[in-house]
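Labels A, B, C, D, E, F, G and H are assigned to the chains in the order they are written; within every chain, residues are numbered from 1.
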Amino acid sequence: MTKVGIVMGSDSDMPVMAKAADILEKLGVEYEMTIISAHREPDLFFEYAKSAESKGWKVIIAGAGMAAHLPGMCAAIFPMPVIGIPMHTTSLGGRDSLYSIVQMPTGIPVATVAINGGANAGLLAAKILATSDPELLQRLKDYSQELKEQVEAKAEKLAKVGYKEYTK
Amino acid sequence: MTKVGIVMGSDSDMPVMAKAADILEKLGVEYEMTIISAHREPDLFFEYAKSAESKGWKVIIAGAGMAAHLPGMCAAIFPMPVIGIPMHTTSLGGRDSLYSIVQMPTGIPVATVAINGGANAGLLAAKILATSDPELLQRLKDYSQELKEQVEAKAEKLAKVGYKEYTK
Amino acid sequence: MTKVGIVMGSDSDMPVMAKAADILEKLGVEYEMTIISAHREPDLFFEYAKSAESKGWKVIIAGAGMAAHLPGMCAAIFPMPVIGIPMHTTSLGGRDSLYSIVQMPTGIPVATVAINGGANAGLLAAKILATSDPELLQRLKDYSQELKEQVEAKAEKLAKVGYKEYTK
Amino acid sequence: MTKVGIVMGSDSDMPVMAKAADILEKLGVEYEMTIISAHREPDLFFEYAKSAESKGWKVIIAGAGMAAHLPGMCAAIFPMPVIGIPMHTTSLGGRDSLYSIVQMPTGIPVATVAINGGANAGLLAAKILATSDPELLQRLKDYSQELKEQVEAKAEKLAKVGYKEYTK
Amino acid sequence: MTKVGIVMGSDSDMPVMAKAADILEKLGVEYEMTIISAHREPDLFFEYAKSAESKGWKVIIAGAGMAAHLPGMCAAIFPMPVIGIPMHTTSLGGRDSLYSIVQMPTGIPVATVAINGGANAGLLAAKILATSDPELLQRLKDYSQELKEQVEAKAEKLAKVGYKEYTK
Amino acid sequence: MTKVGIVMGSDSDMPVMAKAADILEKLGVEYEMTIISAHREPDLFFEYAKSAESKGWKVIIAGAGMAAHLPGMCAAIFPMPVIGIPMHTTSLGGRDSLYSIVQMPTGIPVATVAINGGANAGLLAAKILATSDPELLQRLKDYSQELKEQVEAKAEKLAKVGYKEYTK
Amino acid sequence: MTKVGIVMGSDSDMPVMAKAADILEKLGVEYEMTIISAHREPDLFFEYAKSAESKGWKVIIAGAGMAAHLPGMCAAIFPMPVIGIPMHTTSLGGRDSLYSIVQMPTGIPVATVAINGGANAGLLAAKILATSDPELLQRLKDYSQELKEQVEAKAEKLAKVGYKEYTK
Amino acid sequence: MTKVGIVMGSDSDMPVMAKAADILEKLGVEYEMTIISAHREPDLFFEYAKSAESKGWKVIIAGAGMAAHLPGMCAAIFPMPVIGIPMHTTSLGGRDSLYSIVQMPTGIPVATVAINGGANAGLLAAKILATSDPELLQRLKDYSQELKEQVEAKAEKLAKVGYKEYTK
């Protein structure tokens, strides 16, 4: 059953949003991904955000860049957690996206992750669901173990070959 | 006939928004001022923005702080000019408000003025209306003349008393 | 049953953290609040973060300022959601805290709220728990309705008394 | 009849300014585009700005980078709306241009759009003219509809092919 | 004979500009100080900047805040050195003034000093004149000696009383 | 025997520098504190920096604000560690001081601490000396223990009185 | 006779410093260019700065990047104008260089130009010398005329070919 | 005997960390380099930091990017100096890393060097050890002499070939 909605305002955001989807697939969490612009199609957007709860969704992951209103507007309508991903921007490096997403007024939080932090948004959604899903929690722990082993493998390689060889 | 809507998301913005109203009153432009939060009452906000054109409004002045979505969401719905006023904020000095308002994506411009620039928002609204109202244009020119005379008076005072006396 | 841990690195952060506790109390969510410094007492901190899951906690809210490591280190150890509150700072306005909390590397998300966003951190924790608690979800909706009514009351007052009277 | 002047201080700004012209052409708004430097040819600039009203212009779109004085100096002379486009800059990303254009003192507003926001400047000029031109307003609404349909088409494509295929 | 013009756009800048005048008086350099707004009275400003050379001026010191155009526009017209003083601003701390003054395009330099650096602007003007005035150069050296002696006196006091007494 | 020099460019920096001295006194490390301006008395400064090694000093702590050259110039002359303290500044919050101190070119490191980080500069100096002084190292560990106990006492107080009482 | 010294701390700054030299050559001003690091060879640097006056120099142009101390240290020793050029930097875009050069304390001004503003530094040096050299002043006016004609030629080309052809 | 630990959180940091190792090798200082993530393997990290003193290490050099916790967490556990290297980041240029490392709270200093300042971190470690190792101090002086001679050689080349040839 789909529990996570992934939404972006522009298909230029898709490479970042795809990382959220990749993680959710890896962790066995069903999601639905779409493109909706709060600015260019406000009616459709409202419909989308209002119907999310009745579709059984528990989390929305919204990514946007520049004057990034999509995550905040989702949070104004959807009553459960909204995760915001600020997109990197050429001129301001993503500070514009970050401030537009994280600096929400009292009453309407957006759970903000790092600039271009698609994978972490997917992980955070899974962690939220894992608060009531012990099996998912176990899969998250397994994933953390994988990450740990990747670092250990690199440390071993470095110990073995030395940094001059490693950086070649 | 009311041609300008003034809207803010929080009554803490009112001292700045009042300056817009003061200028419009001085220039004889009718306006309607209200408080609507796009975040806390999205339904009311949509209704407000959608009905603005049928009420005969030609310009909306929207002020907001932090992750300031109100001006951009007005611009997503209202088809004529929306003027955005970024509010000063304690932590980021209003950069958050400024970026959230000015960095709009293609298709949805917001005419942004300076941080806390309430008076200039009112003036810009009047200038927009003056493109088809020669009498208002004349009043705007008279107002510019006033500003000029104020500076001249200060320059004369300085010439007369000297800077040491002036700054006492 | 306690489901939320609230932790800060310094008691100077308490006025902000108190807002998270206030919201949780209002929404009927049990929490435990303490002061632990990841920098000054790393052993105690590790113990704290490691035992959180076995105590039945589902969410940790961590606030910190400057080089704010507490939220990220909690997220390195606790497998469920960690919410980070960046504290305002005199010199950098809280940008240091914000960047130190939100810019987490892949694998270790921190759900970041606004600078000094204590109340929103509490709300976000409640929203996370509400993904599996329909009664809490209803209380969150009631709270949103309250916020909406507060804005409506202000709009009515403005319509009645006018902005000059309102700002007196 | 020409109603919009487009002016830039340097021909390096032309790719951005061209987007304003493109939109105006699409919307059937006549404009005149030129290059004038307020810094390198102040006399010509003054002449240009002073004669704009008598030529029947209603809006000036001015683009400039770095210490961007052209929009503000236009606004000091031309009594109707001036739209400012801050150019992206290598060292400061366009913050220098943005601050030099948006932070105007009381009395002299510049309607500022996003960094490199050429298309939005053209749209804003059209919206200003549309306050007294119902046919132009209709063309603006048609344009908004086009933008909406473009997003819908992308959403449909994503629904059909999936994100892995989409991002290939 | 007056060789330095001191100009500001607003009398709110006078406390900073006064420091430039104080230094010039101390060094025996004649100056003329006035208030002229390039934005509010562009005609007067042009007249002012154009007549400066014929009055025998060698340097103009111009101070301005926010979108600070005055120094750059002086430099566009006056062929000898223009010194710019960026004013501190509440929201952006003077970054807006600094960028608007220092980031001038090729061909039109403004010799920029620190934010609120009134005294240094006066000193720089004197140093420029001292390139052809050996007596003024000597007075500048005497002034530097004074500054040095002030620091030495403080160091002696510290050595004598200790820092605990010093900071009481 | 004096092993640490503490130097500042202006006596306005003394409240911050005093914290470095306080820590060194507490840890039993002898130091010499003085005021020398690299800008106003370059000859004295050179003499100071050159003679430091022959006086037996092992570390210099240098504090400065704005275009803070003192720490870097010390590091250009003194061959052992120089610790730099960036002073908070009104306009730029200390970013100017921080960048002027930390961004040193290859070959001339300055060990930079936080803005206004006087106490940490003293601690860092002690830690450097402790690399060859086991007794000092023990005193540093005792000091860390003290800090830890202070936090524990606060946590106990909070557990006892609750946050509402605590923040009264 | 050489009147201008051009100095940089690293030969990586030479492309920017070369623009200053190019302008001075064009304007017939003799200069001497060298590389001296205040950080890596403080003794040589002191010698250089101290001997500048006796060599008959009237202006020093100093360029530096990151924690850019060279211009400020020149100004601490040389009694006539020092012009500072902040170099662009990869990480901070030149803000570090700019702040390290422009934010000088009272008593030691550096005439700062734009980031990478080599040509303007050369022009500013010439303008300083032109305060006592009418022939150089005339050459500066001729140069300004050239710049103006370049812009006029571009405006004519645009008027003739249109922007679509121009930007091809 | 190994006296310096070099640690990074990710092998993407290795090109910068390698510069620290290169300098230490050149100066004859033994070190041990590894990869340990405080976020992905907190247990291993704790073990690493706790055992450092007993292995005889006197200094740890830690590099990290974004929300860079590794240096600060080392400093929370290891009682002698920790040197932090902030990594350059795409979106924020390394400001996030810099603030996360340098803005440490009282009691836990990190000796911070420039963004990507690997070589300076190695030099600073050597300078710290040189406070009790006269031979190492001499090697550091020899290295400084080398740097000086490199600059002198460049100055000679410039004097000989001229800047036009030099920059070809």
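As a convention for this text, a contact is a pair of C-beta atoms (placed from the backbone, for glycine too) under 8 Å apart; a residue touches a chain by one contact, two chains touch by 3 or more.
By chain, with names taken from UniProt: A, B, C, D, E, F, G, H = N5-carboxyaminoimidazole ribonucleotide mutase.
All values derive from a computational prediction rather than experimental measurement.
The chain with its Cα centre farthest from the Cα centre of chain B is H.
Fitting chain A to chain H on C-alpha positions gives a rotation angle of 90 degrees, to the nearest 5. In summary, the pair chain A and chain D forms a contact in which the copies contribute largely different residue numbers, shared numbers making up under half of all those used. Across B-C and C-H, it is C-H that has more C-beta pairs touching. Between the CA-based centres of chain B and chain F the separation comes to 48 Å, rounded to the whole angstrom.
With centres taken as mean Cα positions, chain G sits 51 Å from chain C.
Counting partner chains per residue, chain G has residues 10, 37, 40, 66-67, 92-93, 95, 102-105, 107-108, 110, 114-115, 144, 147 touching two or more of them.
Pairwise, the chains that touch each other are A-B, A-C, A-D, A-H, B-C, B-D, B-E, C-F, C-H, D-E, D-G, E-F, E-G, F-G, F-H, G-H. For chain D in complex with chain B, the touching residues are 58-59, 79-81, 83, 98, 102-115, 117, 119-121, 123-124, 127-132, 137, 140-141, 143-144, 147. Across the complex, chain B is touched by residues 88, 93-95, 114-116, 144, 147-148, 150-152, 154-155, 158-159, 163-164, 166-167 of chain C.
Partner chain G is touched in their complex by these residues of chain F: 9-10, 37-40, 42, 46, 65-69, 72-73, 75-77, 89, 92, 95-96, 99-105, 107-108, 110.
Of all the residues in chain F, the ones that touch chain E in their complex are 10-11, 14-15, 17-18, 21, 33-37, 40-41, 44, 66-67, 90-93.
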